[in-house]
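In the two assemblies presented below, chain A is common to both, partnered first by chain B and then by chain C.
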Partner chain A sequence: MMLAPTYIDGSGAVVPQPTVNQDRFLEEILEYNERFLQVVSPVYKDYIDVKLLRRMSKIVKMSIVSARVAMQQAGVDQVDAIMTGTGMGCQIDTEKFLNAMIENGENLLTPTSFIHSTHNTMGGQIALMLGNKNHNLTYVHRTFSFESALLDAMMMIAEKEAQKVLVGGIDEITDESWLIKTQIDYYKKHACKNSEVYNNLQPGALSGEGSAFFVLSADRSEKTYAQLKGVSTLYKPRSNKELEDFIKRFLVTNEFGLSDIDLVIMGNNGDPVFDRVYEDLANGLLKTIPTGRFKHLCGEYDTASSFALWIASGILRHQHVPSTISQHPFKGRTPKNILIYNHFRNINHSLILVSTPDVS
Partner chain B sequence: MEALIEKLKEQIIKQLNLEDITPADINEEDSLFGEGLGLDSIDALELIVLLEKEYGIRIENPKDGQKIFFSIKTMAEFIQEHQKK
Partner chain C sequence: MAEGVVVTGMGIVSSIGFNVDETLHSLMIGKTGIGKISILETIHRDEFVLGEIKLTHQQLMEKLGVNLNLPWTRTALLGVWAARQAYQSAGLSKNSGKRIGLVSASTVGGMDRSELYYKDFLTDAIHKNHIDTHHAGNSTEMIADDLNIHDYLTTISTACSSSLNSIMFGARLLRHNLLDAVIVGGTDALSRFTLNGFNTLMILDHEHCRPFDATRRGLNLGEGAGYLVLERTSDALAGKKQVIAQVAGYANANDAFHQTASSDNGEGPFLAMQRAVAKAGITPQDIDYINVHGTGTDNNDLTEGVAMKRLFGDKVPPFSSTKAFTGHTLGATGVIESIISILSMNNDKVFPNINFKEVIEEINLVPVSQLTNLHINHVLTNSFGFGGNDSSVVFSKVPSNISGL
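Right after this comes the complex of A and B.
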């Protein structure tokens, strides 16, 4: 299904790399040797009233900053809808509240961490900050969370229910959640250099966190620098062929051929078992197209594809592919059409297609 | 009483995560809500829990809250009075 034109007018990200107030676009990366990657905290007081800041946990703060940066870039102070996607929501406050329940024998529970423990806290806090009473929805759908929010935003624009939509994907990591997921080999148990993650043989992915927000618009303006062409998801393909057919069908639906794609940004996360799915595609269906990777920058989290979209739209804006995302020096033509392909443990697969804006 | 006031100031700063505020910044007679420290209704709930958790004092009538939580001094007086009982 092709949707109406949806333009990207602004984007903001808070991830384990310096992305806020940076003149340079991912030219250098921070190297870590950690169990999981955590965001580089911006100066939150520059974006959030100190009185409000004291109640906010990390995930809320990073959401607000990335949303504010996106809105500043787009030159808007209001939107018609706010769509957020998060796989795990406010884990820090949830843990705080649950730990207090255990410690105090289910008595004497304080309200703040409870109020801030729900998944829609980020969307709610952004709306409060903006004084925005419009449509506000949070998608909690594991590694489809951001894609679901994005698709809903695009459909709202297509149905002319909204002109401008703020859409974002956010997740945070905690010691506790990292520990639980290492027990089932989702995440690596021992510290790992992010720059060498794709060659690390420990089971699981290098875990991380991040937030990325976008201002989508129904109309092209002088602020527009990218156009969302499509988003699609596939659940549990039974074979590589089914996956390849999904990609081919997605491109045909959006009136693209493989040769039109200038760059594929892939979601390899260092998991030696499941990265094979990416490698098979890179050596098979997509072998003629240059590829880039991004999870050495941010780690794996349920809404990491939102950061991939931040990178893709940044490439279109800067007309430059940073060497920090490509395996080999990028020698292709200046990208006009970028495909993002992400999957988690061969279960949730997603595609996002983003291009330079069509000439209207 | 003075020691209790200082302890209360520290507990409130910690419980309410009052960044950039030190005990010396809080005047014991200034109002906690509105113009003074600028606390709100969620903070009031946090203070009720603090009283019960740290001092074992339960506020039976919510209407009393306005008087008890007017300032650090009124809170300290309330605690002292109820701890004697």
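Right after this comes the complex of A and C.
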């Protein structure tokens, strides 16, 4: 079923590429040859009180900056709801408390890192910063996290329970969390050039981190530059056909045909095994549609699709597809409808559809 | 009840019972599940009491008959236990043609295994099959796989208010016709991580907790899981389903005051209760009973009391905290207390706020401390958490002509 029109009025991202205070839109790629990609730190004190800054972990800081940028762009200083998605939450504080507890045999512990280890810390800190007493929710289901937050926001807007919703996806990487996931081949063990990640043969993905927030609005305004058409998830498809049917059904539900889609942004992450799912679609069901990729820019993390939405809505705003996301110079028509397709190891699949705003 | 959402199934496991009937029995006879620690491996064994489920990891796996080769966390096992009951009691089946979803909540996720194997994860990884059971969505997927649920799943984590938010989100999915039935709730196992975490905050009582008592010294942790099956009212009636309760209203608000402490005027709790009652289309005077969050910490009970007085004035309805029975089950507490609230309503009984003796002077509110008969049409339940996350849900009795019971 279709939800009510939902517009995008602002977006902000903190990722391993320069995205804050940039006139240019991903024109050049910041090259890395690292084990994992980390965010380009914005000038945090421009956005956060210095006294508070000292006590904040990286994941909270990047959330607040991207949320502030999105709200500035949308020209709002309050919202009716705050929805965050995070796959792994506050890994730095969780590790700190866990390591201290194990190493000191449950003795000599201090509360600070425990207090900040809960997944809803970012949503809570943003509410605190804004003095916002409204609906506040945190979704924590791997690569469904951001998508669940988006869906909830769209439903609240459709029910007229909210006019403006701040929605974001955030995850942070740490040395330990990276190391642990190299043990099970989720992440690459050795340094890898991000610009060549899709040809890298090491098992696993190039891991990364990031934060992207959006101001969604029930009404179209002069700030509006994109329209969120739909979001959907699929868990453990039992066949390729089920995955293809999921994509087809999603488009039909939103009254789109494949030929209406001008660009598909895919979540390839350099994992030689699981990138095949993307390739099969790019060579099959979606073969007539130009494709772009983005995880060489930010690495893999559970809420990376939020950065894909930042890119897609940026393309609609700038009326331009940056060469950094496509393999070949983009020759298609100026995109009006962009589909984002992401999956985690063929378990959690998701689609987000974003368009130029409907003429109303 | 046209656009409404109703409860058609329930499942629960906690220290006071392995199912709904046992839970009800414990509540009726005033039997607490809190006691000396015998399952959790911790240096604090003789220091604190907990609401433990008295089965080891191995015993739990065997009792459930799950595939022993899969990497089970205690959180997932408890979740499977309660979710199976809910699924069965609602008469769901995989060939019904219904779109069935699962919205689960958890705060610790797979921490009960991660804290045992963490150093191994970093070195030679003998327990590497547990690396990916750490994230909060793992238990949700283990439950979904056990029940063969594919149509929708997600996981919520808003600290101690988590599973009331699952109920809200699940109800929304039904109202937008994205699903036909949704299993909502949460699961959290005890872990050293949370025990030590709450200990550093100095909000754990060494004795049995005493919610809303002047001498309260903190909370007792517990563990458990609970799930409700929700369906649209019209579908439930058309399918001649047993209808257990109506999900009449709900709201989520943020205190926006402090990461862990709640505000003096109880703004977040007040807004959550006020908005939930308004959404139910009733007035505060229509609430017959409140199952309060009532953790037994100095801060929570005072703030919650202040918020209740703001909303209800000098007519605060009968209320009790049942945390002295179950302990504070964190991400599961909202749904466990929702089930207790529904049992209260459907049995016209207020379960006692055990261990209460002395009224808190500042608020002068006396909880119901003995099992009491009371006709209940509307029950309000609260859950508040870190991050300022506050949620409230109103359940209403199903008119007898359509209950199907």
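Note that the second predicted complex is superposed on the first by the 359 of 360 C-alpha atoms of A that agree within 3 Å, B and C clash if a C-alpha of one lies under 4 Å from a C-alpha of the other, contacts with A are read in each partner's own complex, and residues count from 1 in each chain.
Basically, contacts are C-beta pairs under 8 Å (C-beta built on N, C-alpha and C of every residue); 3 or more make two chains touch, one makes a residue touch a chain.
Fair warning: this is a prediction, and the values are worked out from it, not measured in the lab.
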Should the pairing of chain B and chain C on chain A count as a clash or a fit in the superposition? fit
Look at A:29 in the shared chain and tell me whether it touches chain B only, chain C only, both, or neither; answer first, second, both or neither. neither
For A:40, decide between first (touching chain B), second (touching chain C), both and neither. neither
See if chain A has more residues touched by chain B or by chain C, and give me that chain. C
First (chain B), second (chain C), both or neither: which does A:109 touch? both
Name the contact category of A:130: first (chain B only), second (chain C only), both, or neither. second
Which of chain B and chain C A:52 touches, first, second, both or neither: neither
Can A:233 be said to touch chain B (first), chain C (second), both, or neither? second
In the overlay, answer first, second, both or neither for which of chain B and chain C A:258 touches. neither
In the superposed model, how near does chain B get to chain C, counting Cα atoms only, in Å? 8
Identify the overlap between the chain B-contacting and the chain C-contacting residues of chain A. 109-111, 115
Touching residues (chain side chain A, partner chain C) in the complex: 1, 3, 82, 87-89, 97-99, 101-102, 105-107, 109-111, 114-121, 123-125, 127-128, 130-142, 144-145, 148, 152, 155-156, 158-159, 176, 179-181, 183-184, 186, 233, 235-236, 302, 347
What residues on chain C touch chain A, complex-wise? 42-44, 106-107, 109, 114-115, 118-119, 121-122, 125, 128, 131-132, 135-137, 140-141, 144-145, 149-150, 152-159, 165, 169, 172-173, 175-178, 192-193, 196-197, 199-201, 251-260, 267-268, 271, 385-389
In their shared complex, chain A is touched by residues of chain B numbered 15-20, 38, 42, 45-46, 49, 52-53
Residues on chain A engaged by chain B in the complex (per definition of touch): 50-51, 53-55, 104, 108-112, 115
